[in-house]
Each structure stands twice: as C-alpha cells, then as structure tokens.
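Both complexes shown next keep subunit A, but they swap its partner, so subunit B is in the first and subunit C is in the second.
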Partner chain A sequence: MLFTSWSFIFFIILLTCVNYILPVRYRWILFLISSLFFYALSGVAGLIYLSAAALIIWVLALVIEDRRNKGRDELKTVLADASSDEKKAYRQKIKKSIGVVRFAGILMLVALLFVFKYSKSLFPSLFDEGSGDGFLRFAVPMGISFYTLSAIGYLADVSNNKYGAEKNPLKLALYLSFFPALVQGPIARFGELKDTLFEPAPFDGGKVMEAALRIAWGYFKKIIVADRIAAAVAVLQKDPGTYTGMYSFLLIVFYTVQIYADFTGGIDITIGTAKALGVRLAENFDHPFFSRTLDEYWRRWHMSMGSWFRDYVFYPVSASKALLKVAKASRKRLGDGFGRRLPVYISTLLTWALTGIWHGTTVNFLVWGLLNGIFIIIGTEIDPLSRKLHERHEGLRDNTAFRFLQASRTVALTAALRLFDLAPDPMTTVKRFISIFTVSNAGEVLGGGFSALGLSVYDLVIIAAGIAVMFAVSFMNRDMSVYEKLRKRGFIYPVIAFALLIVAVIIFGAYGTGYDASQFIYNQF
Partner chain B sequence: MMLEKLTELLKGLHPEADIENEDGLIDNGILNSFDIVTIIAEVDDMFDVKIPASEIVPENFNSVRALSDLVERISEEF
Partner chain C sequence: MDKMRKCASVIIVIAVSLLVLYLAQCLVVPKYMSGVLEGGMTREYYEEELPHDVIFIGDCEVYENISPITLWEEYGMASYIRGSAQQLIWQSYYLLKETFRYESPKAVVFNVLSMKYDEPQSEAYNRMTFDGMKPSYLKYEAVKASAMEDEDILSYFFPILRYHSRMAELTDEDIRYMFRRDRITHAGYLMRIDVKPMTKLPMAPSLPDYSFGEVCFDYLEKMRELCQENGAELILIKSPSLYPHWYPEWDEQVREYAEEKGLIYINYADKLDEAGIDMSTDTYDGGLHLNLSGAEKFAKQIGAMLIDNCDIPDRRGEPAYDRCWKEKSDFYYDMIERQKKELEEFGYLKSWTLGK
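The block that comes next holds the complex of A and B.
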C-alpha cells in the first residue's frame, strides 16, 4: 500500500477513528495488527523474516539481561568478600559473555541483511530470474534496511544497560514494524519510542488537526513537486551519453529538488500519521539546506540515520581496542596535531563507507559515502584557516551574505555528490559532472530542451511555485511550527490551510495519463 | 587521585581552558571528537577502564568531575 494512494488515506482515517474508541492500553495491539496487515500486503514472505528478526533480538536481549542480573547477584552473595582483583576479573568475564551474545545477534542481523539485500547483485548466477540458471528466488523484504538498524540499536542498547530488555515479544515486533516508519524511517530508538508507542497520547483535536495538516503538506511536496519533476529526472538519468553539459547541471538541480520534496514529504506523512494515532516520532530534518558545513548538513538531513551511524558505528569504532592502539601509535609518531586527528579520520571514513553501502548494493554508493567522509575531513583540516579568517574579520560569521554563501556552498556540494545516486558506475557520474564545464549546449537546452524532457512551461511554473512555497514554509518554520503560528490566530486558520493544501494537491498534483503514483525514493534503500 | 590524574590529562589537551571549574567542556566546544578519542585511549592506559561507545554523551564529558564519576561508575558495572 503506497502512502500516495486512496487506500492509504482511507486506512489512516479508519485507524484513527478505531484508535480513539479503544482504551489506551490496547492501542498498541491495534498498531501491531495494522502494521502486520500493511506489511503483509507487500508480501507474506517478508513478514516471516521480520518476525524472525524480532524473535532473535527478543531472546538475545533477555539472555543479556539475565547474565547481567546473575552477575550482580553473584557479586553481592558469593563474591561479596572476594578481593577487588577477583571482583574485577569476574566483571570482565560477565562483560565478555554479554559482548559475545551481542556480537552473535548483530552478526546474524547483518548476515540476513546481506543475504537479502546484497547477494543478488554480488552473485547473480545463483539466482533464478526466469533464465533457469540459478536456484534462488526471493524479493528483498520491505523496509529491511531500516528495521535491521533498529534491531541492532536495540540489542546494543540493552547490552550497554541503557534500558531493560522488553519482555513482550509482540511489543518488540511492533517496534520493528510500526507501519508509518517502516518503509523509509525515521529510524527511531527503542528507548525514545517505547513510551509513546505502547501508551499513546489521549485524543486531542488540536493534535489530530496538526497531524492532518502535516500529512497534507507531505502530499503537497510529494505529488505536486517531486512527482512532477520525477519524469524529467528519469529521462536525464537514463541517457548520460546524450544529456551532457547544461543537462547534467539541470539533473543535479532537479534531483536535489526531487529528493528533498520526496523524502521530507514522505517523512511529513510518516510523522503526521503517527501523530494522528497519538504517537510522537522524532523529526528527521532540521532545515538541512541552511547548513554552513557538510558536517552540519549531516546533523540536519536524515538525522535519525546520521545519529544511528554515529552512535553504533563511529563511536564504537573510535573506542575500539584496535583504534585506540592506532591512536597511541599515531600520536607518538605524528605528534599531537595530525597524529591525534588520524584515528578519528579512520573511523570517519569507515563510518561513511558503511553508510554508503547501506544505501545501495552498487559501487557508486560506496564512492558517494567515502567522498562525504573525505570532504568532512578536508573541512576539519582547513578549520584553522577559517578560524584565522574569522579572527581577522570579526562579525563575518553573522553576516547574512556570508551565511548565504556558506549555505549555498553546502547545498552545491551535497547536490553534486548526490549525482552518484543516479548511475551504478561512478565513472559515468564523473564524466557527467566534468561535461558541465566542457560541453556548451546551453542554447540547445533553453531553446526547446525542456519540452524534450517532458516539461511544459506549465510544469515549470508549478514546480517553481512549489519550491517557493516550500522555501517560505521552511523559513517560517525555523522558530515555531507553521501550525502553531496559525493555531494562535484561531482554530479556523489551520483548517483553511489544510483545505488549501488539499485543493492544491488535487488541481496541481502530477497525475498524467497512465499516472502511477510513484514510490518514494527512500523505499529502495 | 583519579580526579587529579584526569585534570592533568585534560590540562595537557587544553592548557588554555579552566579545566577545574569548567562545566561545559563539550557544550562550550572546548573538547572535540579528537580529544574524546585521546581521552578514551588515555583512560584505558591509566586506569585499565574501557569507556564504551554508549557512554560517549555530552553529560559524561562536560566536566572533569563528570568524567571521573563516569570512570568510577564503569569500573563498578558491566
């Protein structure tokens, strides 16, 4: 069931009504049933794997907790009078055994993700794709990239004693499968989600109105802007040989607009749907295009993914025995400056390589990830220079033009890097990019090239207007949500805004002949 | 003893900061991720205590006192 379908809209309206009839303590059961139903529509086989993943982490987390409790008891009773060295050795032993269980669980989850997501492109000959060559045949289970990360996070957190293990396996299954967040995130942490998910907020008309407005806003971005520009992106993407020069530049711009509208719109629908049910999901974007640096951008775009990789890859790698060894050696040999930065750079690159691989099975995603890491490192290395600049020119930091320049630089850099998404072979992307500076075909593009891409003047006007509205709303949203601002003026204003959005989506939405509301881009990751 | 050693370590990293009295080492941007890795490596060396990744949160590194509490707590827990 696509988010952009009538059946989905009907589904959430029905769910919202049933939800508030039920007593609060039973609502999570409704969420679980509807999530499993939502999931089953995309294939029952996927459901089996999801249940297996839930079962694995449920058992292993309980085993971890049991070991910790037994260890505590032992220290208080049998080892109460032992020497501190003996106690220390015992603690180490328990720690190790918890670590083994955690490692086994994570290995299993990663192995399953690997088999489902990556084996097809790595070993194509094993698969039967109608040719009769291979013997394997399965579809990638929906949302597997997202709930694998959630599951790993849960296991790591329980083993680190951040919270206790969940006793009820069905509640854990709900955490992994909660349908609004299943297909494209945000990747919510169990510790953050459990209270609001298992004991959702009581009915509040204002909140439901806010949720409806948020969902309508998501449709506005997705159906008016993203889907309208999608056809042109597809044409440009398919034929890198023909569409060079100015077309490559257009592809960068169009794809940036598309992915912003598509992904943030999808998350608006996700957060809105959860809110309608009384569940609070954390925000996934914080005005990313206003970021001054690439590092800052990654703290404001797809925040739940960035923070997941920070907490479960970057920090553990940085604090690992191997890296601490490197840290000591490099400080000794390379000194307190670069010698101290090198180990962090190593974990930065490793984290970004994994982030890239997580996004897709082809080598372009790895290149994209590594380049992000490299640019962040370059940013850190030239930091002393920029500090000097700011010392010399005080007030520059808060200068509006300078801030605009910095934000534009970040947008340009991320947009250019994003080009790697669009071709499996990184060399295609490099050639595409270079052609912007070597092929001069601006005259051709402006003299009729747009209609070849399937974009009429009407389309361009709507897209431009859509971008202007998105920018204006984003700007107004900086200090307080637009909903709050409207609500303060009176209850009627959010209602009017909602009606206007719906009318706009109906009139200006991209539904051509044979229109098929397209998937969200992030569903494929 | 532990507090003194940690204070010395942080002073070595940032001689310009008022380590004893500062309670916003992270919040005020004095310590960065490079310092954190150095601190974890040094703490491992000095006290044979491994600070796990899950404890890398601002609250644990904002002051030398918080850091010393953290190291003490970790050596008692699992």
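The block that comes next holds the complex of A and C.
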C-alpha cells in the first residue's frame, strides 16, 4: 500500500477513528493488527520473516536479561563473600556470556539482511530471474534495512541495560513492524517509542489537527515537488552518455530537490500518521540545508540513521580493544595531535563505509559513504584554521552572508556526493561530474533541453513555487513549528492551512494516469 | 457559542475549498466541444425532455449510422441513441440499465459489434463513455467493469483527480464551456455530411479463435433479461458498416443466440442494396461509418423493420412531441447548413474533426 494511494489515506482515516473508540490499553493491539495487515499487503513471505525475526530477537533479549539478573543475584548471594577479584572475574564472565548472545543475534540479523538485500547483487547467477539459470527466488522483505537496525539497536540496548527486555513478544513485534515507520524510518529507539506506542495519548483534537496538517504538508512536498521533478531525474539518470555538462549540473540540482522533498515529505506523512494515532515518533530532520559543515549536516539529515550509526557502530568501534591498541600506538608514533585523532578517523571511515553499504548494494554507495567520511575528516583537520579565522574576524560567525556561504558550500558538497546514487558505477559518476566543467552545452539545455526532459514551463513554475513554499516554511519553522505559530493566531488558521495544502495537492500535484506513482526514494534503502 | 463559531468557521473553510475544487474541475475537464466530440454524447441524454419509444444502444455503428430525425420525420418515432466511441457491451448494459430508470422504451436495438471485445480496451474510450454519466452506484459498477488496471475509479466521480494535469494545456474552449455545453448530437446521432468513398474493402485477417468471450454472452443475456423485466423488445442488429470485419463465424454465434432466445437479429451489412446504401457516396471514412446520407437511408430501413415488429406509436400530432422534435429538426438542418459551409470554406469539417 503506497503512502500516496487513496487506500492508504482511507486506511489511516479509518484507523484513527477506530483507535479513539478503543480503550487506550487495547490500542497497541490495533496498531499491531494494522501493521501486520499493512506488511502482509507487500507479501506474506515477508511477514513470516518479520515474525520469525521478531520472535528470535524477543527470545535473545530475554536470555540476555535473564543472564544479567542471574549474575546480579549470584553476586549478592553465592558470591557475596567472594574476593573482589573473584567478583570481577564473574562479572567478566557474565558480560562475555551476554556478549555472545548479543553477537549471535546481531550476526543473525546482519546475515539475513545480507542474504535478502545484497546476495542478489553479489551472486546474480544464483538467482532465477526468469532466465532459468539460478535456483534461488525471493523478494526483499519490505523495510528490512530499517527493522534490522531497530532490532540490532534493541538487542544492544538491552544488553547494555539501557532498558529491560520486552516481556510480551507481540509488543516487540509491534515495535519492529509499526507501519508508519516501517518503510522509510525514522529508525525509532525502543526506549523512546515504547511509552506512546503501547499506551498512546488520549484523543486531543488539536494534536489530530496538527497531525493532519503534517500529513498534508508531506503530500505537498512529495506530490507537488518530488513527483513532478522525478520524471526529469529519471531521464537524466538513465543516459549518462547523452546527458553531460549542464545536464549533469541539472541532475545534481533536481535530485537534491527531489530527495529532499521526497524523503522529508515521506517522514512528515510518517510522523503525522503516528501522531494522529497518539504515538510520538522522533524527528528525522532539523533544517539540514542550513548546516554550516558536512558534519553538522549529517546531524540534521536523517537524524535517526546518523545517531544509530554513531551509537551502535562509531562508539563501539572507537571503544573496541583493537582500536584502543591502535590509539596507543598512533599516539606513540605520531604524537598527541594527529596520533590522537587517527583512531577516530578510522572509526569515522568504518562507520561511513557501513552507512554507504546500508544504503545500497553497489560499489557506488560504498564510495559515497567513504567520501562523506573523508570530507568530514578534512573538515576536522581544517577546523583549527577556521577557528583562527573566526578569532581574527569576530563577527564573522553570525554574519548572514557568511552563514549563507557556508550553508551553500555544504549543500553543494552533499548534492555533488549524491551523484553516486544515480550511476551504475563510480567511474560514470566521476565522468558525469567532470563533464560539468568540460562540456559546454548550456545553450542546448536552455534552448529546449527542459522540454526534452519532460518539463514544461508550467512544470517549472510549479516546481519553483513549491521550492519557494518549502523554503519559506522551513525558515518559519526554525524557532517554533508553523503549526504552533498558526494555532497561536487562532483556531481556524491551521484548518485553513490544511485546506490550502489539500487543494494545492489536488490541483497542482503530479499524480494519476500519466505519472508514475513513484515509491518514496528511501523505501529502497 | 464558541464551539458554534468554531464549527461554522470550519464549515466555511470546507465549503470554500470545495468551491475552489469545483471551479478548478469545471475548468480542467475536457469539454468535447470540438475535435473529439464523442466524449460529450453520454451527457446529452439527461437533457432529453420527453421519453423515447426506441433506444438504440452500442458503439459508433449506431451513433454514426442512424438518424433519429429521419425516424421521426418518416414514422413519427421518438428514438434516442445511447452510444459512445467503442462502447463495450457491459458499458451498453449499464447505460441501458440507467435508461430504464428514466423511461420505458418499447424497443431496444443493440448493435452487436462490441461482442468482439471481452476486456477493457483503453482509458480514453472509457473516459469518453463515462465522463458524462451521472454519478450513481450504476456508474460505479460500470466503471469498475471497464477500468484498465492502472485506472483510478474515484477519478470518474471527481474528474479533477484525472484531469488536473490539463492545467498546462487549457484553451479558450475550456474557459468558454466552463459552465455550459452546446448540443452536439441529434438525439444521440453524431452528424457528418462529408463523403469519403470506400475504394476497397481491406482483407479480413484470419483469427486464431472466433469464439466470443463468455463475459460478452453474459452481458448480452443480462441485457435480454433487463429488457424482459422492463417490457421492452430487444432487437439485435449488425449495422451496415463494412469494416471492422464482421466474420461469418461471429454472425453465426449471434444468430444462434437470437434463435435460442427468440430474439430478432438482422445483419444489415448484408442488406445494403435493400436500403439503397452506396459506399461510394454514403460513407465519410471509406466504409467504417455512414455519413448523413447513409444514416438517413439506414434509418428508413430500420424504422420500417421496427414498425413491422414492435408496437411503436406514431407520436406526430402530439403537441409536446411535435414541439420537441421540431426543435431537434431545426437544429439538425441548421447543422447540415453549417457543415456544408465549413466544407465549402475549408474543404473538410474543421469543427467536427481533429483536422484533415
């Protein structure tokens, strides 16, 4: 069921109504049933996999908790009079035993992710894609990348005693399968989500209005901007040999607009849907295009993914025995400056390599991830120079023009790196990028190139207007949500805004026959 | 009071939004007032003042080949053609079912060419048939039976959901006909006075299977039952167009069905001489459809058959019918003059076609 389909809209309206009829303590059951129904629509096989994975994770988390509790009890009873060395050794033993279970669970999840998501790209000959050559045949379960991360995070948090293991397997299944967040995130943490997921907020007309406005805003971004520009991006992407020079530049600009409108729009619909049901999902974006540096950008774009890789990859790798050894050696050989930073850079590169691989199965994504890591490292290395500059020119940091320049540089860098999303291999990406500076075809593009891409003047006007509205709303949203601002002006203003968005989507949206009812870009990750 | 005010303001916002959407919809829906006129035919039925004694139902082989004005002038027969481009048999069934809600004709004449299609053919033809149909559960059923795989049924009831993309291609016609339409047919007949003789009949390609689909016979049977329930005589015809080809194997299947059910079936394609139809003067597109001359000849022929077989009253002399059909006749002869003028001026019917 596509988020942009009528069936989804009717589904959430119906679900919201039923939700508030039920007593609060039973609502999670409704969420579970509707999530499983939503999931089953994409394939029953995927549902079986999800259920099995949830069951195994549930058992493993209980085993982890049981071992920890037993260990604690033994320390208080049997080992109460033992020496501190004996107690320490026992604690180590328990920790190791918990680590083994956690490792087994994570290994299983990663292995399944590898089998379902990556094996087809790595071993195409094993798969029967109608040619009859291979013998394997299965579809990638919907949202596997997202719930794999959620499940790993849950296991890691339980083993680190951040919260107790969930006793009810159905509740854990709900956490892993909660349908609004299943297809494209945000990657919700169990500790943050469980309270409102299992005991959602009671009916609040204002909250439901806010949710409706958020959903309508998501549709505005997705259907008016992202889907209108999608056809042009598809044309440019498909033929890197023909569309070089200015076309490559256009591809960067268009894709940046598309992915922003598509992904943030999708997350608006996700968060709005959850909010309408009384469930609070964490925000996933914080005005990323206002970021001064790449590092800051990744703290503001797809925040749940960034924080997941930071907490479950970067920190554990940085604190691992192997890297601590490297840190010791590098400080000794390279000194306290670069020698101290080197292990952090290794962790950074490893984290970004995994982030890239998580996004896609081709080498392009690995290169994209590594380049992000490298640019962040470069940013860290030149930070002292930047600080000196700011010390000399004190007002520079708050200078609007300078901030705009920094934000533009960040946007340009991230946009250029996204070219890797759009080509089959890194060489094609590099050639495409270089062609911007070597191929002179601006005249051709301006003299009819847009219509060749399927974009009429009308389309360009709608896209430009859509971008202007997105920018204005984003700007207004910086200190307080637009909903709050409207609500403060009067009860009717959010209603008017909602009506305007719906009318705009219906009249100016790119949907229906003649348009590809495109999936959200992040569904594929 | 505060609650009342809040409710009132929400209602006003909703009403204004719906009004804006309605106006936008009026603007963007195709008007079918020039070029492709066929999409405007279904709608015109609802403007009929008086009931009809004969309803013709089917595709272009009825709405291009029979002149109800001639039927009136020759026999005093009040008839109407509920036809649209490539009207599939289930579309005919639902349109007929709807017709019985409005009136009780004595005879229903169904052209059997559409028996050859047992699945939806194209969105464009679906739209031309249903864009003008009044919203009802019947319409929902008809659209559901006809929609192609990627079509959105809801958009047949809220056409802005389909035609919003026309915003980029609006013409003067869209503004001019935003809230009104001109009449384009003569009791469902789409007139063409120009002539394009049939030079040769294309070879009929052989088919792997000549059997009509089961679904077509199901709907034919439903039509028969519907007519029976409503006291109307169902008559099956094959209109006198020479192609698309009407194979003997197809003819035989319809003949067998008609015999089994006790229905009249006449293949008028075999009776061109009897009507005096000459494909060198009576067709405007080389034998596919008849022009005005052919349609008038065929109307005389089929009118005589209806008089012989059904109890069709002569309504001439009834003041309401005389007034109503006088208006129709005036419009008919006025259009003949306008088409003649265009033919003289441009050499082709500029307002009635997409071009030369």
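The rule we apply is simple: the second predicted complex is superposed on the first by the 521 of 525 C-alpha atoms of A that agree within 3 Å, B and C clash if a C-alpha of one lies under 4 Å from a C-alpha of the other, contacts with A are read in each partner's own complex, and residues count from 1 in each chain.
Following the convention adopted for this analysis, contacts are C-beta pairs under 8 Å (C-beta built on N, C-alpha and C of every residue); 3 or more make two chains touch, one makes a residue touch a chain.
Nothing here was measured: the structure is a model prediction, and the numbers come from that model.
After superposition onto subunit A, the partners subunit B and subunit C occupy separate space and fit alongside each other. Centred on subunit A, the angle reaching out to subunit B and subunit C in the chain A superposition, using CA centres, is 170 degrees in steps of 10. Once the two complexes are laid over each other on the shared chain, residue contacts for A:Ala151 go to neither subunit B nor subunit C.
Of the two partner chains, subunit C is the only one touched by A:Trp6; subunit B is not.
Of the two partner chains, subunit B is the only one that A:Asn161 touches; subunit C does not reach it. Of the two partner chains placed by the overlay, only subunit C lies in contact with A:Asp459; subunit B stays clear of it. Once the two complexes are laid over each other on the shared chain, residue contacts for A:Val495 go to subunit C alone; subunit B is not touched. In the superposition on chain A, A:Leu197 makes contact with neither subunit B nor subunit C.
Of the two partner chains, subunit B is the only one touched by A:Arg331; subunit C is not. Contacts of A:Ile506 after superposition: subunit C is touched, whereas subunit B is not reached. For subunit A, the partner with contacts to more residues, out of subunit B and subunit C, is B.
Of all Cα pairs spanning subunit B and subunit C in the superposition, the closest are 46 Å apart.
Comparing which residues of subunit A touch subunit B with which touch subunit C, the overlap is empty. Contacts from subunit C toward subunit A in the complex involve residues 6, 9-10, 13-14, 16-17, 20-21, 24, 123, 150-152, 154-155, 160-162, 164-165, 167-168. Against subunit A, the residues of subunit B that register as touching in their complex are 33-38, 40-41, 44-45, 50-56, 75, 77-78. Listing the residues of subunit A that touch subunit C in their complex gives 6, 456, 458-459, 491-492, 495-496, 499-500, 502-503, 506-515. Residue ranges of subunit A in contact with subunit B, taken from their complex: 68, 71, 88, 91, 94-95, 98, 156-157, 160-162, 311-312, 315-316, 318-319, 321, 323-324, 327-328, 331, 340-341, 343-344, 347.
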